[in-house]
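Several structures are given next for inspection.
Shared chain: chain A. Partners: chain B in the first complex, chain C in the second.
Entry: the complex of A and B
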């Protein structure tokens, strides 16, 4: 029984819902449109409920960690306080307008987020340093292309060597765009095939089944 | 009744469904399918083996998606990553290597737990404690969490398979910093160069979706690979026909393609 509830029912529901949404995308009828909209509403309701359950679960586990004095238990207290303050101030008035909420967002959340994003650029430099070793014909082509694009984009060289700008533009607009479009089409075919396999119930990983 | 501009798409979709069904059936009945070697998937055993020899765990993450698994373009990439996790978990269970799976999707936690449970039960083992770690649905909180795991746990293998954004390079560089052998794979076009640059092996685009068929010889995956090849050939044909039709101004074909 539990297997039927855990696996077969979700797979059956997935089949019906995917088929309905496919149908609604290609064929317009009032009935399917209303059902598709209801399904979208249900998805939002289920997600919100799951988030609520997740928060409750997290509070219980955090409380257990604190009471057992588990490793880094003091960080759990910090997390609980931040969560309560953010949720409390976020719920007062229109979302995100409370001054405390705004202050935390502007002075803590966004700067931390931006700092981590900024770290990407250091990683890019380190990664490029390791990558650009000309060991084969392919890596030589990659190196030359990257060097031209770098000359085009860097303010100093872009200004001093303007002839690289049209070459760089051409490389980005023609071969690079063609390559990325081919890549997107092929990856999308994979996504379509995966969705169809789920609809046909032959892709069972979606319910945690590894055949 | 039919939505204008989507009729050709609908016909292609129906053709794909029929082709997947037909080829899956053919593979089940014994049709042989040859897949070219995919070094990144062959290297999983080597990566886990190396981690095992050094007594370090394996780190796996299926990436980040906006809006969780429900995102129509990114969700399948993460799901494909989880299918590869089943192979990784099978090897870690067999070799007795530790495994850490970090997630950015709360709804993927039960799927991943179940996947690990199946792999470890097959070896009569329990899943290691604290193996599945949900980090955050916020992109950079997730990135910071994984960087912290990489630095604290110092995994011997760092396997990044799924859908990634700009955090991809942080993970790959973090893994390189701790000396982990790295296998990356994504269907996100913008992140492929970063994985190619930073990882020892890389799965590109559709290879991620072909992984299950390659690893398990699963008939459904092999069947859908054959069907995808047909769809790809048809799309190449349509691109060529459209190019000719628009440049030679062949009205009938243009109208047909716009249906």
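Entry: the complex of A and C
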């Protein structure tokens, strides 16, 4: 009974839902459309519930850390206070419109987020002039490609050396796109294969069965 | 010579950082006005909006986080201004980031001239919807699915939302989510055969070009350079064009730095001092 509930029922549900969604995507009918939309609604509710469970789990773990005086326990208190204030003010009225919530977002969260990204610039600059050192044939290819793309992208050099623009465009449009396309196609085929295996119930790792 | 080459290779990175900061600040304080060429992908982005007749309906997902304001912020404001100027009706919605909706309200909207446009009639801001790709699927089929807009108004009470029921009624989809728009293209553009344009980070352009070659995306703004070229086409010089001077000067500095460090490296290697 336990195995049926844990494994066979989820797999059976997955089979039915995947088949329905496939059917809806390729053979569009009003009935399947309504069923697919209901399934989408359920998925959104389950996602939101999972987020709620995650928050509860975090509160429990944080409380345990504080009660045990684990390392940096005071930061856990700070995290709890911030979470309660943000969640509380976020839930009052329409999302994000409470003045306290908006103030914290605009004056604390957003500047911190922007600063973190800005600091990455310095690491990129440091690594840039160290990485682009021509030590081998491979690094020479990397160096030449990066050099041409930078010449193309900088307006001054693009204006002074216009012959680099078509070369840079060609590199972006042909080799780079070919690589990206190969990656996407392979990943997509993998997703399709995984979905079909799940639908046919040959992919059982999702319910904890390892062959 | 050897000691100079050695010093160059072991230069204190803080010197480079300070130089970069100075080179960024200088053109921002005193703009140089460097010449710029408009890329084909930017022109197509511009044409996609420009070719829409007044009253057309656009679904816009201007959905970036604060860290990307420098690279994608100008794309957001310029696109919004273009929509308002062209009398195009639009619905704004965020699927990727909750802070995208707050940025839209507090950073992008205040920077544009809304002219005589009326909220609810000419444009609607739905805000953030949880659920990522699943939510996109539900929204694409039924625009009333979120029930309320960002300000808490019922969608059924807004005139624009009574005219637009689903993606079937939309003329163009605009996605400015820093290149993270594969899911949206799958759910909005392909199934409903709606043309899409995207604003991406500069490094995300190669990923978007393949969608353009497949005919799914019709135009791309690539990072700050794309936004600057877009401002040129709009004939409204703004933050992106000012930023491009700084970007260009820093690019040239880094190119010179790489050339010099490589010369120093080869000099030492030819003498057998390093491998």
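FYI, the second predicted complex is superposed on the first by the 173 of 211 C-alpha atoms of A that agree within 3 Å, B and C clash if a C-alpha of one lies under 4 Å from a C-alpha of the other, contacts with A are read in each partner's own complex, and residues count from 1 in each chain.
Here is the rule we go by: a contact is a pair of C-beta atoms (placed from the backbone, for glycine too) under 8 Å apart; a residue touches a chain by one contact, two chains touch by 3 or more.
Since this is a predicted model, take the numbers as computed values, not measurements.
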Contacts of A:196 with chain B and chain C, given as first, second, both or neither | first
Please indicate which partner A:96 is in contact with in the superposed arrangement: first for chain B, second for chain C, both, or neither.
-> second
For A:180, decide between first (touching chain B), second (touching chain C), both and neither.
-> both
Please work out whether A:150 is in contact with chain B alone, chain C alone, both, or neither, and reply first, second, both or neither.
-> second
Tell me which partner A:54 touches in the superposition: chain B (first), chain C (second), both or neither.
-> first
Figure out whether A:4 sits in contact with chain B (first) or chain C (second), or with both, or with neither.
-> neither
Check the residue A:113 against both partner chains and state whether it touches chain B (first), chain C (second), both, or neither.
-> both
Regarding the shared-chain residue A:22, is it in contact with chain B (first), chain C (second), both, or neither?
-> first
Partner chain in contact with A:33 - chain B first, chain C second, else both or neither | second
Can you list the residues of chain A that touch chain B in one structure and chain C in the other?
-> 25, 43, 47, 51, 113, 116-117, 126, 128, 130, 180, 184
Chain A to chain B touching residues, read off their complex | 22, 25-29, 43, 47, 50-51, 54, 112-113, 116-117, 119-120, 123-124, 126-128, 130-131, 180, 183-197, 199-200, 202-203, 205-211
Chain C contact footprint on chain A (complex, rising order) | 25, 33, 36-37, 40-41, 43-44, 47-48, 51, 93-97, 102, 105-106, 109-111, 113-114, 116-118, 121-122, 125-126, 128-130, 132-135, 143, 147, 150-151, 153-159, 162, 165, 169, 172-173, 176-177, 179-181, 184
Given the complex with chain A, which residues does chain C contribute to the contact?
-> 13, 16-17, 20, 34-37, 39, 65-70, 98-99, 101-103, 105-106, 127-128, 130-132, 134-135, 137-138, 141-142, 148-152, 182, 191, 202, 205-207, 209-210, 213, 225, 228, 244-245, 247-249, 251-252, 254-255, 257-258, 261-262, 265-266
Chain B residues within the chain A interface of the complex = 1-3, 6-7, 9-10, 13, 16-17, 20-21, 24, 68, 70, 72-73, 76-77, 79-80, 82-83, 86, 106-107, 110-111, 113-115, 118-119, 138, 140, 143-144, 166-167, 169-170, 172-173, 176, 187, 189, 192, 194, 196-198, 204-206, 208-210, 212, 216, 218-221, 223-225, 227-228, 231-232, 235
